[in-house]
Amino acid sequence: MTQARDYLVVDELTKHFGGLAAVEKLSFSLDRGQILGLIGPNGAGKTTVFNLITGFLPATSGRVTFRGESLMGKKPHQIVNQGLARTFQLVKPFPELSLSDNIRVACYGPRFMSQGLDEEAARHRILEVAEQVGLPDDLDQPASSLGHGDLRLLDIARALMVQPELLLLDEPLSGLSSIETQAIVGLIQALNQEGITLLIIEHKLKELMKVADRIVAIDFGQKLAAGTPQEVVNHPAVVEAYLGTKDSYASA
Amino acid sequence: MELIQEIIIFGTIKGCVYALIATGFTLIFAVAGILNLAHGTFYMLGAYFTYTLFYVLGIPLPPAILLAAVLVGALGMLLDRVFLKPMRSSHTYVLVLTVAVAFAAQEIILLTYGSQGMNIPNLIEGSVNLNGVVVSWHQLLIVAITAVVLIMLWLVLTRTRYGVATLAVSMDEDGARLVGIETEKVFNLSMFASAFLAAVAGALISPIMSMTPEMWNMPLMKAFVVVVVGGIGSLTGSIMAAFFLGWLETFTGFVISPKLTEVVSLVLLTVFLVFRPSGILGRRLH
Amino acid sequence: MLANLKTPAQRHTAIFYGLIMVGFYFVPVFSDNFYLLSVFTTAYFYIIFATSWDVFAGYSHLMNFGHALFIGIAGYLTAFVDLHLGLPPLLVLPMCAVVCGLLGMFIGYLTLRMQGPYFAIITMAFAAVAYESAIMFSEYTGGEEGIPGIHPLTDSLIGDYYFVLVVMSLIFLFLLWFTRGRWGLVLKAISQNEDAVLASGINTAWVKIRAYSISGALCGIGGSVYAYSLTHVGPTSMEQVLSTTILIMAMVGGMGTITGPFLGALILVLFNELSRDMEEYRLLIYTVMVVVIIFFAPRGIVSWGQPIARAFKLGGKRGQAGS
């Protein structure tokens, strides 16, 4: 059994793009079973943090550990196979593949294959995941025929297919209608109930505050505040950086 | 001593031709992301059009070259408008289509002119003795024309509206579109310039090297080398690399063995692609 | 495999290609015309080259402009082993497969980071280096002339015909099996969005290297049989024109489908041969036709399969011909 505290630890993480410090000495940690929100204005470095944690970008310095094991220097697919999956801010489906094939791709990684599951089991699991996230019934249609909201669901379904313990969602609610938003908020809660730990980047603070146990706010790659949703959203530095005004989202 | 002079002089002449070929190739790659495998075809057409205008229509050589280059430039725009525009974002399509066009053009030239080598006369006859090295006036003229053409290109790119727009598109296409630059027009004009430059090179070389329907292969290969060595998308890098290649080839031919001249490009190409894919000046690739 | 043919469209596709294949086996029954058989044999070679090209390049959209490298390497290897060691073809073929497979793996490794155009240039360069080397090291390779006198595969034309046909059939079936399963899906996914495949826990680099290696190995087998069949190998076996022809055939047929390059190679070789009496216009028509097909059907001839099937009220709704 792995420890519940300090499940994922980000320690002095730094990323420079040439002269630009996208992430600067950022530290935070996440306990097992928690939902942590990561917020910050546009260009604050949130997606870069995800890319660093998941191995899509090499860090300039600093460390990330997951269940006590360092993730530094690991390739994205290796990190996924440790149980850490992600979605993308710009949804990245396989447009010409059918919905079920989009999800099926994730069956062919070692994490799924090593369980000795056959095609039948894969098909079963695909249907299960598709239903869980609420994809349309016709799984034979190509992904290119989906609308934006369904593409987000598809991306989440693909990530769920690797049976993650920790799921990183990059703006899962952006561009969604209010019905779709409610559906995904419900999904996030359900996943957390199942025992999945989540790290969520989101601009829609109202919804994020409903689900998050804790929130970390960053700007210019540096931490502004961390704590309970209420604490963070009312933190003066956050209010100023995030809103530029004194209106608080918490009261919105 | 004389050997060094010879290498510098003849290498420079070669470098000029390579620079004319490669700047256009780089330009359209940097601007539109098109790796144009029909680039050598423009060079070939430049030579054959000049030949026709001069011998068949009796137009004097200098205007014939200019007219040929303009015609080839227009063909370049046509290629871009008709064939490439619909699927410019697909590298696969662009590569295969342009190579197919190159082969089709080769067949058309073969049917029209036959396979025997042909030449056009020098722009100026005669030669000079430069410190013991005999150079033809035509070769010196190639250097002068290249200098003029490249300076003009530089002026156009830095001093005119379309030039600045072109540079902007080559740096950031979406950004350029956002600030209201008509990228379509930029692509088209770049294609014109690219084809024009290649055609000038083809016309200038054909008094020295015979034109054949297969002549498009050589410049294409050189363009690859120059572009890769110079750093993809860097015009300055391309020009530097063109002269570097010219000198290195001439050195190899004079000092080691003429048989190895053609291998030089290949070795450079492979070494750079494997060990330094960003070229001398290029940005690092991901 | 038949269990996978769920939709009527897939069954019709299978029947279509099955009939063509069976037809090939009966050609010698109807005619032992030397010319006809050698035309078909040529087509089988190009089918091997184009379909083996497709399993990597067609699926990954990394344009391999130097596929003939494998043909040449396998050809020279065959010549050396046959003339100096006297090994039988059934040993030489696997050997060529292994050597070309490893070569593919090596090149795949070197070129891993490269994308689109860069990949095209470097594959072209590797083949050109091999071509120039074959001419330069003439003591071993016979220079421009190449190496003659390779022992023939069998002692009859019909024997050779069937040998090539069997090799081609096996390669074609293997490729269909390979690409219709998980690897085909993963390769297609990589070509559409590599990041999402990585995020699904799949080592995309390794998948691509493996596909390139298979592509090389199968082409190596083809190249070896090609050298045996011509009883000769020379630098032309890795010429740029050959590489380009292979890629054009695959594109005309339809990349990333295996059946597309099969059709593309078959149709273009047959057209090229049957149009011989058009004399000098032949190549012009050929090249212009290629440009026109690529322009109007960038997804290749196989993309016409569905509309045609529908016109004859054959097919089901979705699913491409070839899938």
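All chains are identified by letter, namely A, B and C, in their written order; residue positions are counted from 1 within each chain.
In this section, a contact is a pair of C-beta atoms (placed from the backbone, for glycine too) under 8 Å apart; a residue touches a chain by one contact, two chains touch by 3 or more.
Computed from a predicted structure; not experimentally measured.
Contact topology of the protein chains: linear, an open path with no closing contact.
Farthest from chain A in terms of Cα centroid separation is B. With centres taken as mean Cα positions, chain C sits 33 Å from chain B. With centres defined as mean CA coordinates, chain B is found 49 Å away from chain A. Chain C has its Cα centroid 42 Å from the Cα centroid of chain A.
Shown for chain A are the residues that touch two or more other chains, of which there are none.
Residues of chain C touching chain A in their complex: 182, 185-186, 188-189, 192-193, 195-204, 318. Residues 61, 63, 65, 110-111, 113-118, 120-122, 124-126, 128-129, 132, 136, 240, 244, 247-248, 251, 255, 280-281, 283-284, 286-288, 290-291, 294-295, 298 of chain C are the ones that touch chain B when the two sit in their complex. Across the complex, chain A meets chain C through its residues 54, 56, 75-78, 80-81, 85-88, 92-97, 101-102, 104-112, 140, 155, 158-159, 161-162.
Residues 29, 35, 83, 87, 90-93, 95-97, 99-101, 103-104, 106-108, 110-111, 217, 221, 224, 228, 232, 259, 262-263, 266-267, 269-270, 273-274, 277, 285-286 of chain B are the ones touching chain C in the complex.
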